[in-house]
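Okay, so subunit A shows up in both of these, paired with subunit B first and subunit C after.
Presenting the complex of A and B:
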């Protein structure tokens, strides 16, 4: 079974050496977030997930969450682990001190979330959803709602959910049917059925705060008529104590491909009491303001699985003995060599690693921009950071969940047939990673968001925040001979991204269907460019430090950077060709053909 | 009752230790360091005593280079109230540490001193005993259970023959064994609070102690690699090998 160890060295490399985490400390409110403090927090979180969450991953998946008489029981050990999790204060990490939070940077939270998802993706769903509910209330709740509910979400005493999906309503939220009728006391009666609600019912917390999309009686059709409501599982007495059960019931759990420990619930709202969050009919725009954080978080789930798959595959490749190295026998005293001697095994390990480490750099970079967008004293800096986050969010979500799934798949492959055996824990990673590509906006939806919304926003203003640093990096790297092996491939992919950006923008204007047809490949090409950029920057840091380093860390970084440039980046040519084909043959594949 | 715990910074238990190429010691540059696990148990025990209302204040002490402050922060995050860092870049040995601790103890006047039974880097298993000896205090080493009973301390000790219970007169020195407790995780709020707790910096000079090493390390080498075995075909071959190769008969 994979034995996950938190990649603390890589986190420190990224925070301290690549992304200048010291600058985060300079932001108002983050004075305490010194690099040392962040390292301490990462270490403590790593110890917790390794020892408390990881041991429940396999058993939790086997056992699953179970529904009986409307109550969901989580797998053995989850309740105790959650109690320790909130006792450790982990739910409060990025939250506002005004509501009991620790007020630590989002960037740090992203790193901690990655570790949680590596150790136990199902467990990570619970605090993940709570943070979504926290953000919704923080940004759109009334003062009273915030006062009553936020401290409970921050402490983890209560959990949260996001109730969007209905049987007829998935990607297209304009199809929401759940109704909300105003009551004389200012509350609303919520009636309707939601499906696929993660953590919709469970035994980890005595109360659950559902954030529900529903329609008011006078609502216009489509997305312009959706409002957001807060519906607690248990209503509160006047004194704040838990009172009567509200009219929301879990009527079924989905039987799923993976993350069995996470209860995915069908919820029936039967005249449940709720309160409006934000303005009437403005539920969609409320969702949009918290969407970036939620989508980044799902990307990080994929990243977490990728790291777990890497470690599981690497450790196995060192111990499994099969065949002899074609380069000459490596372990003469053993009946066969460890499979890590085989080039194909190392190709797979290197592939996972090169994507995972670049993915981590991307997630933390955008996490840092999220912090800057929120805290920087200068409005221009805030706007620039916000632009970059908006632009990169669909890319982070889509690329990182794809690499999570592909990494898990390669991890299974490294284990050979043993990877297909449940007890060995590798196939669980593949099943778990798969959902991240489909939920929180499918990856197809992310590509449409990038091409249909983000590219054109403010006449292309968002793009500048990515194109400028990459252009600067190409220029600076080209001036250094030792950087040539990284600068050249980066320059090439960047030129193609620029070329296709102009092409796609024009194509989309002329023929929206053509723009949509090339969107997934354009997103991929964007991802390749981001990875090439980050690998070039990481290589630059590593080149300067390789000589004086006895641990092999920088040597491995450079080797991985070279592997990325030489073996993975060339794949971008396929995306380039696909984009330049436009709607082409795909346009001719009309529905009737299938 | 004031409790003083001594904490040592060592190479993290998960790190594969490498000997320096010149044989002068083990490689510590760029190596992950952590609090000695037995010292973690010592801090945990003190924190539990405080939670039980037995201890009133916990002072954590560490002797060594600048980075020991990080180890003290870990102790503070676990629940110690303040830290004392005796700063020196000398390669400390148990006797030197014991003398430094004695000086700090005389200054702080705790009723109970808890140390790990040994540090996982040099496995000396001496410091706690030396501190007790230098102070003339009672000692309860390898403790797996501690109960304070008024002015006395009952300590269950893990000894070769099994378990031994001793009753110590306070003040006393205790060294911890593995089964004394399971140290807690540092919680996020406590990590944050630890940042604000004071760490006092002292020097051996200020304490009037000379901790210069008295023992000289001649050479550090890796343990020999275990060679893989061979199968012998006959008894005669075995005897021949034992006689001529192993030279044991």
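Presenting the complex of A and C:
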């Protein structure tokens, strides 16, 4: 079974050496978030997930969450682990101190989330959903709602959900049918059925706060008629204590490919009492508050799985003896050499690693921008950071989840037939990673968000926040001979991204269907450029420090950077060709052809 | 759930219009195998798998095969379906009439195998393993062994297995430890443990013939000391009737990611009685008789899953309503348009289809060469066909299984979150396809076989059987203006294959590790070239027939050919770049780096 160890050295490299986490400390409210404190938190989180969450990962998947008489029992150990989780303050880490939170940077929280997902993806779903509910209430709730509910979500005493999907609609929420009837007391009666509700019912907390999309009686059709409601599982007495059970019931759990410990619920709302969150008919924008955060979080899930897959594959490759190195016997005292001597095994490991480390850099970079967007005293800086986050959210979600799934499958492949055996734990990573590519907007939907929405917003303003730093990096790196091996491939892919950006923008205006046709490849090309940029920057740091280092850390960084540039980055050529072909041959594949 | 319909039209297109199956009839022994007969057999096979095997696919996976007291019970319905399967003569189809077989072409058998695997991959494992045992006994068994055992395998009354892997060895069979002690009566006592034995124990047949790799007492170390033994589950009385139970026991079933209905057994051989098959210490070459056929068969498994995934995804895309076409409302009478209006959905469907149809053409082409290699009256023609089969076997295995897994995952993706739900049947395809990339030699091992063995055999003689027809096709197509859109991309990828072939051959001689480092990408480039060649040839046929056709079949072929050339073939550029980089940056990723 994979024995996960938190990649603390890499986190510190990124926070302290690449992303200047020290500057985060200068933001209002983050005075205490010194690099030292962040390192300490990361160490503690790593120790927690290794000791408490990882041991429940295999057993949790085999046992699964179970529904009986409307109540869901989580697998053995989950309840105890969750109690320790909230006792350790892990739910409150990024939350507002005004509601009991620790007020630590979101960048740091992303690193912690990665570790949780590496150790136990299913477990991570519970607090992950609560954070979504927290964000929605924080930004759109009334003062009273915040006062009553936020401290409970922050402490982890209660959990939250996002109730969006119905059988007839997932991507197209304009088709939501759940109804909300206003009551004389200002509350609403919520009636309808929701599906795919992660953590929709469970035994980790005595109460669950459902955030539910529904239609008011006078709602216009489509997405402009959706409102958001808060529907607690247990209603509160006037004194705030838990009272009567609300009219929401878990009627079934989905039998899924993976994440069996995470209960995916069908919920029946049968005249349940709820309260409006935000404005009538404005539920979609409140929902996107949850959704954008959830999309970044799902990307981080992919990243967490990728790291776990890397470690599991690497450890096996070091110890499994099979065949001999083509370069000559490597372990003469053994009956065979460890399979890590084989180039193809190292190719798979290096592929996972090069993408995972770049993906981690991307996630933490965007995490830093989240912090700047929220806290920076300068409005222009806040806006610029917010622009970058908005632009990169679909890319983080899509690219990192694809990486997670690819990494898990490469990990299975390194293990040969043994990777297919459940007890060995590798195939669980592949089954778990699979949902991340479909969750919270399929990766195809992300591409439409990027091309159809983000590219054109404010006449392309968002793009500048990516193009400027990348352009600066190309220019600076080109001036340094030792950076040539990184600067040249980065310059090439960046030029192609610029070329296709203009092309796609024009194409989409002329023919929206053609824009949609090239969107997934454009997103991929964007991801390749972001990774090339981050690898160039990481290589620059490593080049400066390699000489004085005897741990091998910077040497490995440089070798991985070179592997990325030489063996993985050329894949962007296929995306480039596909974009430049426009609708082309795909346009001729009409629905009737299939 | 996917509702699979056998792709009979495409089979007939390939057999009759592309591959000149009529010529097969001219081979000695195939006189009755007219195109009409083959079409009739395909229809019957399609009807059988749709009616008898497909309905057991989901239930079989949920129920799984179960071990109790050494006996394995297959899922409900499997035993009855298998009885109908042998009653229909499906096990005997490609077998030698001298042993009760129908003596039909292997090309036809490959088409039937594809359909079986589309409908029920787990079920297909049982007869698939029996064919492996049949082949080994047919080519290496004594006359007496053939007389006693072959008719039972041919009729399907008994089943077979391949017992190769042990806990310490899978890829490296030189590490096999199972022992065989000669007995005075000419038999051997077999003692040892085998793992990953598909269909190693079950209730479909009263007897199972295990073909077991083991070491004689005087065996040299490594692969030159491996012998092959026949070990029946039930020993025969002198009169041929079933007698005492032999000393082989199923001690555990593996819990796997998928193919739950197929029992993957741990077998304990405890002084079991066996008989030598072939010569002492020559078990590896006998094993490769089974293995090469098994590798092609595993490729066909991938193909079968790909077709099932295509159909499942297509049917869902036609009926799931979500959002509106960017080109304008397509279904004004519906609350939303079917998702097939979205370019990205069609991109995924077209990707599966373009690869599946080319993969099917490749599998049947190699099937035809198998028939020529066995039956052609001219020794030179037999050798040429055998060369092509040997060259292409690792490519068929690797490329088609990668396609199967990719197709299944794209199929899941088309279904969105619903693809992750077990009852919907799509994720089962992904879990099933996953093993094919590791089975019978991982795909990395296939690449080493291609570069390390097949390329250099007889100073490159094998390559000619692929390069000549492709070169001829480029030349002929280049002379026809209407073929230019196919000829040009084919010429380009073929030129790159030729360039890299020379490069890889030289590289491998100078530095075997560098040859191994580029092998997987070389195999991929080879696969792209084969697909481009087959699409060019299919397009040529379709161009000639499109005008007179009102079914849309040829129009769809051409549209898919164009999609392949424009959107998928450019991916080869990444493999080309990776090969030309040689060991390069991967070489610097030493084991200590990880």
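Descriptive notes on the structure:
Note that in this section the second predicted complex is superposed on the first by the 593 of 594 C-alpha atoms of A that agree within 3 Å, B and C clash if a C-alpha of one lies under 4 Å from a C-alpha of the other, contacts with A are read in each partner's own complex, and residues count from 1 in each chain.
The working rule: a contact is a pair of C-beta atoms (placed from the backbone, for glycine too) under 8 Å apart; a residue touches a chain by one contact, two chains touch by 3 or more.
Since this is a predicted model, take the numbers as computed values, not measurements.
Contacts of A:478 after superposition on the shared chain: neither subunit B nor subunit C is touched. Judged by the touch definition given at the top, the superposed model places A:571 against subunit C, while subunit B stays out of reach.
Once the two structures are overlaid, the count of subunit A residues touched is higher for C than for its counterpart among subunit B and subunit C. Once the two complexes are overlaid on the shared chain, A:48 sits against subunit B while remaining clear of subunit C. After overlaying the two complexes on the shared chain, residue contacts for A:333 are found with subunit B alone; subunit C is out of touch. In the superposed pair of complexes, A:155 makes contact with neither subunit B nor subunit C. In the superposition on chain A, contact is made by A:5 with subunit B only, not with subunit C.
When the two structures are aligned on the shared chain, A:90 is found in touch with subunit B, with no touch to subunit C. The residues of subunit B lying in touch with subunit A in their complex are 14, 27, 29-32, 70, 73-74, 77, 185-192, 195, 227-228. Remark: subunit A residues 5, 8-9, 32, 36-37, 40-41, 44, 47-48, 51-52, 84, 87-90, 92-93, 102, 333, 549-551, 553 touch subunit B in the complex.
Only residues 165, 168-172, 174-175, 196, 254-258, 314, 317-318, 321-323, 325-327, 335-336, 338, 340-350, 353, 405, 409, 412-413, 416-423, 427, 430-431, 434-435, 437-439, 442-444, 447-448, 452, 511-517, 519-520, 552, 555-556, 559-560, 562-563, 565-567, 570-571, 573-574, 577-578, 581, 583-594 of subunit C touch subunit A when the two sit together in their complex.
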